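Order of writing sets the labels: A, B, C and D. Residues in every chain begin at 1.
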Amino acid sequence: MGNSVIIIGGGISGMTAAGILVQQGLDVTLLEKENETGGHLARWDRLFPDRRKASEVLDFVKAGLNQVKIVTGVTVTGISKHDYDFTITTRIQHPASSIHSQFSASALLLATGFDLFEARKKEEYGYGIYNNVITSADLEDQFKSGKGILTREGKIPGRIGLVHCVGSRDEKVGNLYCSKVCCVTGVKQAIELKEMYPASEVFNFYMDLRMFDRHFEELYYEAQQKWGVSFIRGRLSECAENPDGSIILKTEDTLTGKPLKMTVDLLILLTGFVPAIGTSAICGMLGLKSGTDGFVNSADSHTSNNSSGVPGVFLAGALKGPISIGEAIADARAAAVQLAGYIKSTTAYND
Amino acid sequence: MIDFGYTLTKDRQFDYDHGDFRFLRLVRSIEPSLDVCIGCGSCTATCSASQFTNFNIRKLHTVIRRGDPESIKAELKKCMFCGKCQLVCPRGVNLRNLILAMNRAIEQLG
Amino acid sequence: MKQEGKRLIWDEYQKEIADDNYFYVRSCVRQNFFPGAEKTFLRYMKEMGRNVFENPSHTTCSGIGYHSDIVPFETAMTMVARQFALMTEAGYENFVTSCITSFGLYSEVLETWLHFPEVEEKTRVHLRNATGREFVKPKNLAHASDVTYKLRTEISDAGKYRLINQTTGAPIRVVEHIGCHYSRMFPSKGIGGAEYPYVLVGMIEEWGGEVIDYPERRHCCGFGFRQYLVKANRGYSVSASKKKFDSMRPYKPELILTNCPGCPMFLDRWQYTISEMDGTTYGENGQGIPVMTYEELAGLILGYDPWDLGLQVHQVPVESLLDKMGIPYDPEKKFLDKDGNFIGKPKSPSFLKFY
Amino acid sequence: MIKFNLFVLPFSLGLIYIVYSIIIHYYRWIKALPAVDKVKLATGIRTPSKVTASLKEIFLEGLIHRKLWKRNPLLGYMHMSFALGWFLLIVVGNLESRIYHGAYINAPYYPIFLKFFIHDRLVLFFEIFTVPAFFRFIMDFLLLFVLSGLTLALIKRKQSKWFGMKQTTQHSLFDRVALSCLWMIFPMRLLAESYTAGYFGGGGGFLTQNLGNLLIAVTPGPAEIIAYFFWWSYSLVLGLFFIMMPYSRYMHIPSELLLIVFRHCGIQSKKWGSSFSDLEAHSCSRCGVCIDACQLDFAAGIRNIQAVYLIRGQRDQYITEYIAMTCMICGRCQEACPVGIKADSLRLIKRREIGSGQVSDFSYITSTHPGFADVVYFAGCMSHLTPSIHIAMEGIFKKAGVNYLFMDQDGSICCGRPLMLAGKDKQANELIEFNKTLIRQTRAKLLVTSCPICYKVFREEYNLPIRIQHHSQYLLELVKEGKIALQSQHRKVVYHDPCDLGRGGNVYEAPRELLGKISDLVATEKNCADALCCGGSLGLMNTSIQKKDEVTRNALQSLLKNEPDILVTACPLCKKTFSKHSQTEVRDIAELVHDAIPGRNILSTRAILETETVTS
């Protein structure tokens, strides 16, 4: 029984928890399947609602990781538990060979996060087929590149559509849940597009606008009032490509009860959260349960939301469901505090 | 032309690409607050004229925003201008002036 | 447009189609609409060495009545069960339908029975009580276009002509239109799924043509059952077709290829009606866009005589396509029956140019 | 012998022009009057009492500026020094020229430039008690009087705050040229007279003589030529001023005289643009008092729509829709106007021009017979959004045992005033006729409303043969008749005068008397005719909710200065508007009365509802 901790997942939650746990004097190893830590945040340009740089938040979190052992490019292939000790086997992903290695720890923190919904699955939206249909994440890549947002034909998009709830609240793709942050992301991105191209028209197609947190509703108001972003209440039913590469949308304007047809030069799909592909394997190794939505269940969603139900295994972040950056940081801190308390109590018990 | 006993029908949908946005431009220049509507419907719910008719002020300015202002011409006449709609609007849309602006648009644009 | 994106989807929607020994059921209406189509299917199946069996006791599947809200589902299921019994009695287990609506109804019934076995049992009782017949559910259900899709390479290999403009060498631009009941209800039952069905695309690509993807490709042909069958609604039917034609016109299609009884009927006949209503024509030089069933097109590829395919009963003349593909035909024989008797010639329309 | 010099020409030409211009204006105004008004005018000017009253007002308002004095003594003095001072300079100057010099008939320029022609030396000790010396003293004194006003005017331009004015009018080019001329006139006169007196060593009074002597002593150069230059300048600025006058705000001087006469003859403003409204527009001195009265200015920072700008637009035959529509029609500016111009009426005239062409169709309104009652109660649209008001009123009706009928219980057909405020009087008439029929059918003798907006239009437009009361008046009457007994709750309250009840309906005392019986009424900064608008006015068409909020918050700040327990108003719209921003409880007077009925000491609406259920 020692004071070593393994964190699986090097996104914002995993890194935040790692920073707190090394502060507590614990021996922390962070395992990340990608070659870089940072998770989805590393891809994002600016954050809602205040549009600060994502890199600033990332830098803040990374600053606390000096004493953390970070192992990237590894996939967890097995976890076993003996008394209070965990043994984790991993495989290093390498084109030529795969190297296996082992880690042991007294406690585990799962922070495996989420994947973005694969937009291709909404076939009728034509992602991957129509040149000018992109996802919100693609848009962030383009924002980040700083090169401006152009259509595939190289033109400034005169009219832009943003489609909310792509892969969320949609029985047809098997996801009944709301991904929570896409609404405000859509509003944020609409403002950013208007800021970049004031003469362009920007339309958000939404079912409900769930402005759940502080300053979000104000951002929505600002988008309408200051930036002239239009909001059309109606889910995109299908789209098609015009000869010039523009996209023709079909939706209902539910506020007037009439179908609506509109051509846009660029269509952005606000893709939601789905459980990360590797999470279910890890859950299987530990006997953890997921909900029907595929996200991991905590021991109690109100009172023990960071406990997995398996002693020594803790949960942080978006593997439990859609969550914002601020919430992920708070949740990771809470998980870290709980995990540190567990280590102390079990160490004392064993000593 | 042959009479087949049936004819081509006009599409019911809003064709945004061929919409008439002259009304929107004029109305917006007079009363920009229409842009902050969130479609809650409290205006129509409190409206006296809506109790007697299918007058729906929310829909009227929504169809303008969709580029299909034709239907407002007959409808707008029913407004009694009492201002309750404006008083209940959670977004502060200046509905009375919006109605004046729509009237102006009808006058100027036919 | 990125074809790779479509291929990824097509890869996901592959379906199993039996290799041989098909129990074939005809459509109620196709023999009136396009009398050569089913005959041509049987002809090339035979030439390709496939065994296709038909039972003359086969009746309507009742899908047309079901979709017109005049036949209840219980009745339809019993009718379907009877067709299966005919297949079982003939010793076949691969069921092939000529009609898309039949295909949809059979799929719907089989899915219903899968999820509600008690409904299947009840249907068996109904069938037994009514006819004394028993049935085994088909092992494989396919539409005749699925089977043709499966044979597309064989047809191409045996073919004399290709979907290529013999003068310019350019591929013929083809609009493909899939019947609504093919994969809309059960995307997994159709080749390529519901959004980008591949069944006709595969044939067109294989036979040398170029597929046109136009915005209203998903839109209904206009039949819509009650939209057409009730005269008061018929304006909707013709308007729906017009919407499709307006949308495809900028791409200058040279052929519309279909796999449903109703679609070629309405896409063909309504071109005339629209031209008589508002003077609009959609093909080159005031002509219409030729419309064909996949069987007719396969027949042309295989070098069958156009008039043997029944192409003379099309409203929009097909000669423009025949000329482009370099298919010879005798204009004098267009309106002669198989015994050489003159069958009458339609009056010239006011706007739509006859070839 | 007629004395003449070339420099008198600019003045003389200007004078001819202005006299001609005034005659033309007067002629047009009178000619354009409707026949009825012409009769009124002809009768009026033959009625001694009306003539006396007109002259009295002309003297008090045109020369003394009594209203301005009341508002701000410094401002009053400034205007009086100009008007009265100049007037007296002309009168006394004429007397001087005629009496002293015996030239009873002389050219008009002669008294004005008298000191150029007459500059005889008076010997001290002997002649200072003579008539000429007396005149010289008086004339110098009057000049000093005017110059003191001029000094104040200059200061006001720079420091309007000292005059209790936060804003001063932004003037047009003509106004600024005319103003410059006006300001030059008296300094030029001073310098011309002084140089002349100094050069000749006589002819001046205590001011001009001494100043002249000093100037001659300190300034080199030919004094005669300098003096002559100033005479020219004096004449030029006078002449230019007269020529500019019809095109500038100074036309208000002759216009106001006629306006006063018109008013005393009983001529009133019309619903549409008329001779009277044109005269009103010309009578505006653009003093800017209305700017300071306007809450949109001082609370919301909207500085280009005030009455003065509206009237300027009216005079120039060009009022923008923006100006016409941006106004709460609260009436504060016309209360403050020293000339008594009804700016709200002028604004509504413009609104009618805009709104009259827009078509309405109320054919969907149908009615069933409302039933019979002694009192018909009309809560008003807005009261349906503040239901505690009509619930309280119903409770009181029941307690007092009144046979009443709640006419708009299930929502109402609007009273029509909101349409009228948008300039749609014609359209409003349809609603008015509908409601009138309903009211008549009840055979009630009294119409009580909870809404001052309705109250105003019921009184002014409905022509009902029955009494009309706002509920504050009615409730007071019930108390006085002993139909309800009230017990004071001794809560500290302030009362807010709703615009349409106070300035619009002249009901100030009834609510105060009523509140005196049931609460401890404390004073507010601005009361009665000076009361502030809540900011929710239906008169204001095109202003953002944010600006309206600023008006409301500003008004609340003033109203709540004495930290009352309750802010009481008598208008559902005021209540709703204030409630949005007030930390202090806002209630309608009817609610307070309801709660003051012994045994009904219930403060919550829910409790009222429950009581109603039990009693009914």
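The definition used in the following text is that a residue touches a chain if its C-beta (ideal position, glycine included) is under 8 Å from a C-beta of that chain, and two chains touch if they have at least 3 such contacts.
What you see is a predicted model, and the numbers here were worked out from it, not measured in a lab.
Distances from each chain's CA mean to the overall CA mean are smallest for chain B.
In terms of the distance between Cα centroids, chain D is separated most widely from C. For the pair chain B and chain C, the distance between mean C-alpha positions equals 45 Å.
Averaged Cα coordinates give chain A a centre that lies 40 Å from the centre of chain B. One inter-chain figure worth recording: chain A and chain D are separated by 65 Å, centre to centre, where each centre is the mean of the chain's CA atoms.
Shared contact sites, meaning residues of chain C that touch two or more other chains, are absent.
In chain A, no residue touches two or more other chains.
Per the contact rule defined earlier, chains pair up in contact as A-B, A-C, B-C, B-D. The part of chain C that touches chain A in the complex is made up of residues 1-2, 4-6, 8-9, 193-196, 213-218, 250-251. Interface residues of chain A facing chain C in the complex, by the touch rule stated above, are 120, 123-124, 126-131, 238, 240-243, 248.
Partner chain D is touched in their complex by these residues of chain B: 30-31, 33, 46, 48-49, 51-53, 74, 77-84, 87-88, 92, 94, 96-97, 100, 103-104, 106-107. Interface residues of chain B, counted against chain C in their complex, comprise 1-2, 4-9, 11.
Those residues of chain A that touch chain B in the shared complex are 209, 221, 224-225, 228, 230-231, 233, 250, 253, 255-256, 258-263.
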